[in-house]
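Each of the next two complexes has chain A plus one other chain: chain B in the first, chain C in the second.
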Partner chain A sequence: MNTIPAPTIEYGTLAPLLVVFGAAIIGVLVEAFAPRYLRKAIHVPLTLLSLFGAFALVLVQVLRGQVATTASAMGAVAVDGPSLFIWGVILVLSFVCVLLINDEGHFVASAAAVPGSADEEEAEAEGGGGHTEVYPLVLFAVGGMLLFPAAHDLLMMFVALEVMSLPLYLLCGLARRRRLLSQEASMKYFLLGAFSSAFFLYGTAMIYGYAGTVSLPGINEALAKGSGLDPLLMLGLALLGVGLLFKIGAAPFHAWKPDVYQGAPTPITALMASGTLVAAVGAVLRVFWVGLGNLDWNWRPIIWGVAALTMIVGSILAITQTDIKRMLAYSSIAHAGFLLVGVMATFGTAAQNAVSLKAILFYLAVYSITTVGAFAVVTLVRDPGGEAGHLSRWAGLGKRSPMLAGVFAFFLLAFAGIPLTSGFFGKYAVFAAALNSGTQPGDSMGGWMAGLVVVGVVASAIAAFFYVRVIVLMFFSEPAADGPAIAVPSTGTVAVIAVSLLVTVGVGLYPESLLGVANDAAHSLFIR
Partner chain B sequence: MESQIAEITQHTGGVIGVSWLMIAFPLLGAFILLVFNRFTNRWGHLLGVAMSLASFVVAVLAFFELIGFGEEARRRAVHLFEFIPGMPGEPPMVDMGLLIDPLSISFALLITGVGSLIHIYSIGYMSHDEHRRRFFAYLNLFVAAMLLLVLADNYVGLFIGWEGVGLASYLLIGFWQFKPSAAVAAKKAFVVNRVGDFGLLVGMFVIWTTFGTLAFKDLAAQTSGVENGTTLAIGLLLLLGACGKSAQLPLQSWLLDAMEGPTPVSALIHAATMVTAGVYLVVRSGAFFFHEGSGAALAVAIVGAATLLAGAIIGCAKDDIKKGLAGSTMSQIGYMMLGAGLGPAGYAFAIGHLITHGFFKADMFLGAGSVMHGMNDEVDMRKYGALRKVMPVTFITFFIGYLAIIGFPLLSGYFTKDGIIETAVHHQPVLGWLAVLGAGITGFYMSRMVFMTFFGQKRWADDAHPHESPAVMTWPLIILSIGSIFLGGYLILSNTLMLFLSPAVGRPAELPEFHFTSVPGLATLALVAVGAAFAWMRYGRVEVPAVQPRGNFLTTFARRDLYGDALNESLFMRPGQWLTRIAVFFDNRGVDGLVNGLAAGIGGSSGRLRRIQTGFARTYALSILIGAALLTGALLLVGNI
Partner chain C sequence: MTTHYLVLSGLLFAIGALGVLIRRNAIVVFMCVELMLNACNLAFVTFSRQVGNLEGQVIAFFVMVVAAAEVVVGLAIIVTIFRTRRSASVDDANLLKY
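After this line comes the complex of A and B, so read on.
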C-alpha cells in the first residue's frame, strides 16, 4: 500500500505568512458570526495586530541571523534575505494603509446596491460605516503579496498572484463616492487581471513543457543544459513575462493602472500602488534572476525595450493628466520603468547582482512609502462630492493649507528624485547599478545599459516637469473661491503622513540607514 | 631674521577644549529668536545680550588659559568633527576644528567684547522698533559667524564664517527693508562681496589642488616661504577676497551704502569687526602666501595705501555723519592693510590698530547713533551744530574717539597708527609718506565732523528736540572711550601685543622701540594740526551753510565717492546689462525655442498618446495582446540571432 509522505513544513520560517492568512480567516469568521456593531471593533485590532505580529516575526528572523538558506515547504517558498526585506516593507506598508482604511467615509455601505437606488440610501442609513469585509479582504491580499515574491515555483507563484489579486478586484469596487467609476475600475481590473493571469498560466505550461518542472531553480538547470532556442521556451518566457509585467504596470501592459487607481477607494489605491508594486517587482526579480538567470542574454534586450517604453510612456502621458490620482498612476508607471532598469542590471558576478539587488530593494522601500504618504494627502483634499480629484481644484492649496501642500510638495520632489529626498538616492542607486553592470567585462549590453540610463534620466526630467507643475499650481496660483475643504485628518491619517514624511526626509538625509539594511538583505542574494 | 612661528599643538580639555561654546552660544540665541519668533518678543533682546556676554566670558577664560601656556605652546588646536570625509581608507579631506592662538583670541575678545557692548547699546537704540527681536537674532548670528571665521583652523571653516557674516551683514543692512534705499544697499553689499568671495573661493581651490589641504597646520608644514607663481596667484586671489570684505579698492563701493543699516550695525559690523576680516585673512595667511618682500605682500600694501587716501578724501566731502565715518573706516582699514602688507614687522601694528580702531570707531559710530537718536534720525551734519551742551556724555565720548583717530599724542590711535606709519616709512618709503599725508587728511575731515556736529550755531530742524540718550546707551560709549584712551599705549609702548602675537604671526628679529620724536611721527602731527586748523577755519569759526554749497570739481569728485560707482556702472554694470540682454535674447530665441519646442513636442505627443487610453477594457486587452505578440516575436528574433 502506498502512503503519501507527509510534507515537511518549516512553520517557524513561514510564520509571518501563516499569521497573516490565519488572521484573514478569523476575519471571515468574524464577518459570519459577530454582530454588525461589533465587527469593526474586532477587525481593526485584529488586522493591525496580525500585521504587526507578522512584522515582528520577520524581524525576529532577521535579528537572529537565521535566514533560511534553502527553500521551505518542500521547495515551494523561498524565505531568503530579499524575501524578508520585501516582507518587512509590505507589512509596514499594509499597516499604514490599514490606518488609512480605518478612516470613515472611504467605503460604501453595500456594494451590491445599484448606485443611486433606494437600496443604497437604505444601506447608507443603516450601515453607515461601510463594508467591514474590507479588513479580511485586505489581509488576504497582503498574504498574497507576501507569498508572491517568495514563491519558489511557478505554480505557487500563480496561486499567490490570484490570492493577491482577487481581493483587490473586489476592494476596488467599494468606493463610497463616485460609485460608477469605482465599479467600472473594479470590472476592468478584474477582466484585464484575469486576461493577464491566463497569459501567466499559459506561459507556465509552456515552460513546464520545455523544462519538465515548474520549480524555478529546476528551470534554470534545464536552461543550462538545453540549447535555449526552443520555441516552447521562448513562447513560455514571453507569456510569463506578460503576466508579470502586467502586475507591475509596465508598458504596453499599463493601461489598467490609471483607470483602476482613479476609481478605487484611495486607501486601496495606496495599497496597490505600494504593496502590489513591491510584491510584483519582487516576483519579477525572482523569475528573471533565479528561474531564467541562464537565459539573461535572451530576455535582457526585451526588458530593455519594455523598460525604456515604460519610462517614456509613463512620464509623457502624465503631463496631460488633469486628475491627481491618474497623474500619480502614470507616475507609478514611470517608476515601474525605473525599477526595470534595475532588473536589467544583472550580469556577471554575484557582487554585481548584490549591488543591483540592493539598489532595487532600496528603491522599492523608499518609493512605496512616499507613495502611501502622497495618497494619504489626496484623501484629505475634499469637495462636497468626495475627494477633489481634478488638478484645478488644487490651485492655491499652498495658501489655504500651507502645511499639507508643503508636505505634498515634498513627496512630489521625492518622486522627482530631487537631492535631499529619499527618491534621489533610490534613483541614483538604480542608475548607478545599471551603469556599473554595463561596464562588467563581456556584457554584450554594455553600451545599451548606458543608453537605458540616459533614457531614464530624460524621463526623470520630463517627470520632474509635471511634479513641479503641481507644486507651482499649489503655491503660485490663486485659490479658487469655492475651493475644496481640507478635511481634519484623523490620528491614523496624520500618523501615515508623518511616517511617510519621516522616512522620506530621514532616508534623504541619511540614506546609509536604509541602504545598510537593503545591503544586508541583498547580500545573501536569492536562494537558487 | 624673523623668529619662528610656533607649532600648533593639539589640545583637549579645559576652557579651550570647549571653546566651541563661544560660537554655540550666539548661534543658539539666533536659533531660538528666529524659530520661536514672536513668542520671544518680550525677552528676546535680553537673551541676545546674554548669549553675547556668555560668549565673551568663555573668550576671557580661554584667554587666561592660553597665556598660562609657555610662548611656544600658545597655539592650541581643538578638533571638533570630521567635516568632509575622505575616500574609504584615507584620512578625512577636511577636519573641522578651532585654532585658539594669540591672533584668534585677540579677535575673539574684540568681537565678543565690543559686540556685547553694542548689543547692550542696541537695547536702547532699537527700543522703538517693533522688530527688535529679529535685530538681536541677526546680531547673534553675526557674532557666531564672525567667531567661526576667526577661530576655524582651516580655510573651509573660515569661509563658512566668511559667508555667514556676509549673510548677517546683508540682513542687517537691509533691516529696514521697507526703505528702498536700504534694500538696494543690502543688495549692493551682497553683490560686491560676491566678487570678493569668488576670489577667496578660487584661492581656496588653488590651495587645495596645490597643497592638498586647507588646514592651517598642514599648510604651515608645506609652504616654503619662497614665492612662486602659484603662491603669488593664491595671494592675489585671497587679497581680492579681503578687498571685498574689508571694502578696499577696487571693491570699496558697498561700504558707504551699507550705512543704511541701523547704527549699531554700522558700528559692530561695518566698522569694528566684519570689515576687518580681510586684515585677519591676510595676517592669518601671512606665513603662507604673504611673505615679507613677496609680490603679494606688496600688493596688499599698495591696496592699503591707495584705500587709506581714497577713504580719507571721501570722508572730507560727506555731510551724512555716518557716511563720513564710513569713509573714515575705509581709510583706517587701509592703514591696517598697509601694515599687514609689511610682513611680521607690521602685523602687530596692523592688529593693534585694528583693535584700537574697533574701540574708537565703535565709540564714534555709537556716538553718531546717539546723536541721531536725539535728532529724529537726522543724519545730515548741516542740520546739527552746538550739540555739545545738550548731549554732554555723547560729546565727550565722541571727542575722545575723535582725538584717538586723528592720532592725538598718548591716545590709542596715536600709538597704533604711528607704528604703522613708521614701519611703512622704513620698509616702503613711498607708501609710508602717503600714509603720513592720509593722516593729515584724517585730521581735517574728522575735525570737520566734530565742528559741524558739536560746535558752531544750532541749525536744527524745527521739530528737533535733542536730548541725551538713556544710560543703556551712554554706558557702552563710556567704556569704549576709556578703551580709546588707554588701549593703544598699553599694546604698543612695550611691544606687549607684538610679543603676545609672535607665536602666531612671527615678529621681526629686532623689536621696534617707540620714538616720540621721529621724523615721520612729527611730520604726521604737524600735518594733522594743519588739517584740524584748516577745518576750524572752514567749519568752526564761520557759519556752516545749511544747504550744501556747489563746491569745486575736487569736492564733487569726493562727494561722488571718487566716481567709484560711476566707474563700476560704466565698466561692469552697463556691459553686464548688455551681456544679460544678449544672453536673454539668446535664451529666449535659442535655448527657450529649443526647450519650448521640445516641451510642446512632448506635450503634443502626450495629447496624442492619451487617446490610446480610451477607457474601454477591450482596447486595453488588445494592447496587452499586441504587447504579448511583440514580446514573443522579439524573443524569437533575439533567440535566432
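After this line comes the complex of A and C, so read on.
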C-alpha cells in the first residue's frame, strides 16, 4: 500500500480567512439554536469582532514582516503583499458595511412572505427587525471576497467566486421596501452571475486541457514552452476573461450592475460596490499577471479595448440616469474602466510592475471607502415609501440639510477626481503608471497606452459633468414642498460617513500615508 | 479518441448558452446554466484522461458541489419571484431598466 503524504496547511498565514469562515459557521449555528430575540444581540458582536480579529491578524503578519514568499495550502492560496493589502481593505470595508447593515429597516422580516400579503404584515408585527441570517451570509460573502484575489489556482478561484457570489444573490433580494425591485434584482444577478461563472469554468477547462494544470504558475510555465497560438488556449483565455470581466462590471459585461445596485438593499449595494470590486480586480490582476503573464501580447490589446469601452460607456450612460443608485452604479462601471487602465500598465520590468500595482491598490482603497460613504448618505434621504431614489427628490437638499448635502458633494468630487480629494491621487497614480509603461522598451503598445490615457482623461471630464450636475441640483435649486425626510442617522451610520469622509480628506491631503503602505505591498509583488 | 467527448462537451455548452439566451422561463434558463456546468465537467474529465493526471476528475467533484449549492440558492430566488408575481418568465421581471 502506498501511503498518501499528508498535505501541509499554513494555519498562521491563512488565519484571517479561517476566522471569517469560522465566525460565519458559528453564525449559522446561532440561527439554528438561539431564540429569535437573542439572535441579533449575538450576531452583531460576533460579526464585528471576527472582522476586526481578521484585520488584526493581517496587521500582525505585515508588522512582523512575515509576508509569505511561497503559496500556502499546497499552492492553493497565495498570501503575498498585494493579497494582504487587499485583505486589509476588504476587512475594513466590510466592517464599515456591517455597521450600515445593523440599522433597522433595511431588511425584510420574512423573505418568504408574499409582498402585501397578510403573512408579511404578521411577520412585520411580530418580528420587528429584519432577517438575522443576513449576518452569516455577509460573513460568507466576505470570506469569498478574501479568498478570490488570493486564489493561486483556477479551481480555488472558481470556488471562491461562488462562495462570494451565492450569498450576495440572496442578500440582494432581502430589501424591506420596494420588494418587487429587490427580488427582480436578485434574480437578474443570479441568472447572469451563474451564466458568467459557467463561462469562467469552461475557460478553466480549456486552459487545463492546454497546460495540464490549473495552478497559475504552472499555466505560465506551459505558456513559456508553447507557441501560444493553440486554439484551446485562445478559447480558454477568452472565456476566462468573460467570467472575470463580468465580476468587475466592465463593458460589454456591465448590464447587471445598474439593475442590481438599484434593487438591492443599500447597505448590500455598498458592500458589493466596494468589496466585490476590490476582490474582483485583485483576481483579474492575479490571473492576467501570474497565470497569463507570458501571453501579454495577446490579452493586452483586448483589455485595452475593454478598458476604453468601459470608461466611455460608464461615463456617458451615467449622464442620462434619474436614479441616484443607478447613477452611482454607472459611476462604478466607469471606475472599473480606470482600474483596467492600471491592469494594462503591468508590463515590462519588475519596477514598472510594482509602480502600476501600487497605483491600482491605492486606487482600490480610496475609491471603495468613498463609495461606502456615498451609499451611507443615500440610506438617509427618505420618502415615506423608502429611500428617495429619484434625482428630482434630491433637489434643494443643500438648503434643507447643508451638512449631509455637503458631505455627499464632497464624495462626488472625490469620485470625479478633483485635487485635494483622495480620488485625484488615485486617478493620477493609475494614469501616470499607464503612461510610464508605454515608454518601456519592447512595449508593442507604447503609443496605444498614451491613447488610452487620453480616453481616460476625456471620460473623467464627462464623468465630472454628471457629478457636478448632482451638486448643482442639491445646492442651487429650490427644495420641493413635500421633499424627502432626512432620517436621523444612527451612531453606526454616522461612524460610517465619518470614517469615509476622514479617509477621503486625509488621503487627499496626505496621500503619502496610504501610498507608502500600497508601495510596500506592491514591492513584494505577486508570488509567481 | 478523446476528441469525440470534447466535441460533445462543446455542443452541450453551446446548447446551454443558447438556451440561456433564448428561453424565457427562469427555471429553464437555470437548467441551461446547469447544462453548461455539466459540459465543463465532461471537458475536465476528458482532459484529465488526455493530459494523464487526476486533477480534472477532482475538479469535476468540486464543480458538482458548487452546482448543488447554486441550485439551492437559485431555486429559492426563483420560487420567491414566482410566489410574488405568479409567473417565472424572465420577460415579466421588467421593473428595473434604463
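Just so we're on the same page, the second predicted complex is superposed on the first by the 528 of 528 C-alpha atoms of A that agree within 3 Å, B and C clash if a C-alpha of one lies under 4 Å from a C-alpha of the other, contacts with A are read in each partner's own complex, and residues count from 1 in each chain.
The rule is simple: a residue touches a chain if its C-beta (ideal position, glycine included) is under 8 Å from a C-beta of that chain, and two chains touch if they have at least 3 such contacts.
Note that the structure is predicted; figures quoted are calculated from it, not measured.
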- Task: Using the touch definition from the top, say if A:F195 reaches chain B (first), chain C (second), both or neither.
- Result: both
- Message: After the superposition on A, what does A:L509 contact: first (chain B), second (chain C), both or neither?
- Response: neither
- Task: Pick one for A:V454: touches chain B only (first), chain C only (second), both, or neither.
- Result: neither
- Task: Go through the superposed model and pick first if A:G305 touches only chain B, second if only chain C, both, or neither.
- Result: first
- Task: Classify the contacts of A:I25 with the two partner chains as first (chain B alone), second (chain C alone), both, or neither.
- Result: neither
- Query: Regarding the shared-chain residue A:D259, is it in contact with chain B (first), chain C (second), both, or neither?
  - Reply: both
- Task: Name the contact category of A:L38: first (chain B only), second (chain C only), both, or neither.
- Result: neither
- Have a look at where A:G209 lands relative to chain B and chain C in the superposition and call it first, second, both or neither. second
- Message: Looking at A:M187, would you say it contacts chain B, chain C, both, or neither? Reply first, second, both or neither.
- Response: both
- Message: Does any part of chain A touch chain B in one structure and chain C in the other, and if so which residues?
- Response: 187-188, 191, 195, 199, 258-259, 320-321
- Message: So in the complex, the part of chain A that touches chain C is made up of which residues?
- Response: 111-112, 114-115, 155, 158-159, 162, 166, 169-170, 173, 179-181, 183-188, 190-191, 194-195, 198-199, 201-202, 204-206, 208-209, 212-214, 258-259, 262-263, 320-321
- Considering the complex alone, what residue numbers of chain A touch chain B? 187-188, 191-192, 195-196, 199, 228-229, 231, 234-235, 237-239, 241-242, 246, 251-253, 255-256, 258-259, 298-299, 301-302, 305-306, 313, 316-321, 462, 465
- chain B residues within the chain A interface of the complex: 599, 602-603, 605-607, 609-610, 612-613, 615, 617, 619-621, 623-624, 626-628, 630-632, 634-636, 638-640
- Query: What residues on chain C touch chain A, complex-wise?
  - Reply: 6, 9, 13, 16-17, 20, 26, 29-30, 33, 36-37, 39-40, 43-44, 46-47, 50-53, 55-56, 59, 62-63, 66, 69-70, 73-74, 76-78, 80-81, 83-85, 90, 93, 95-98
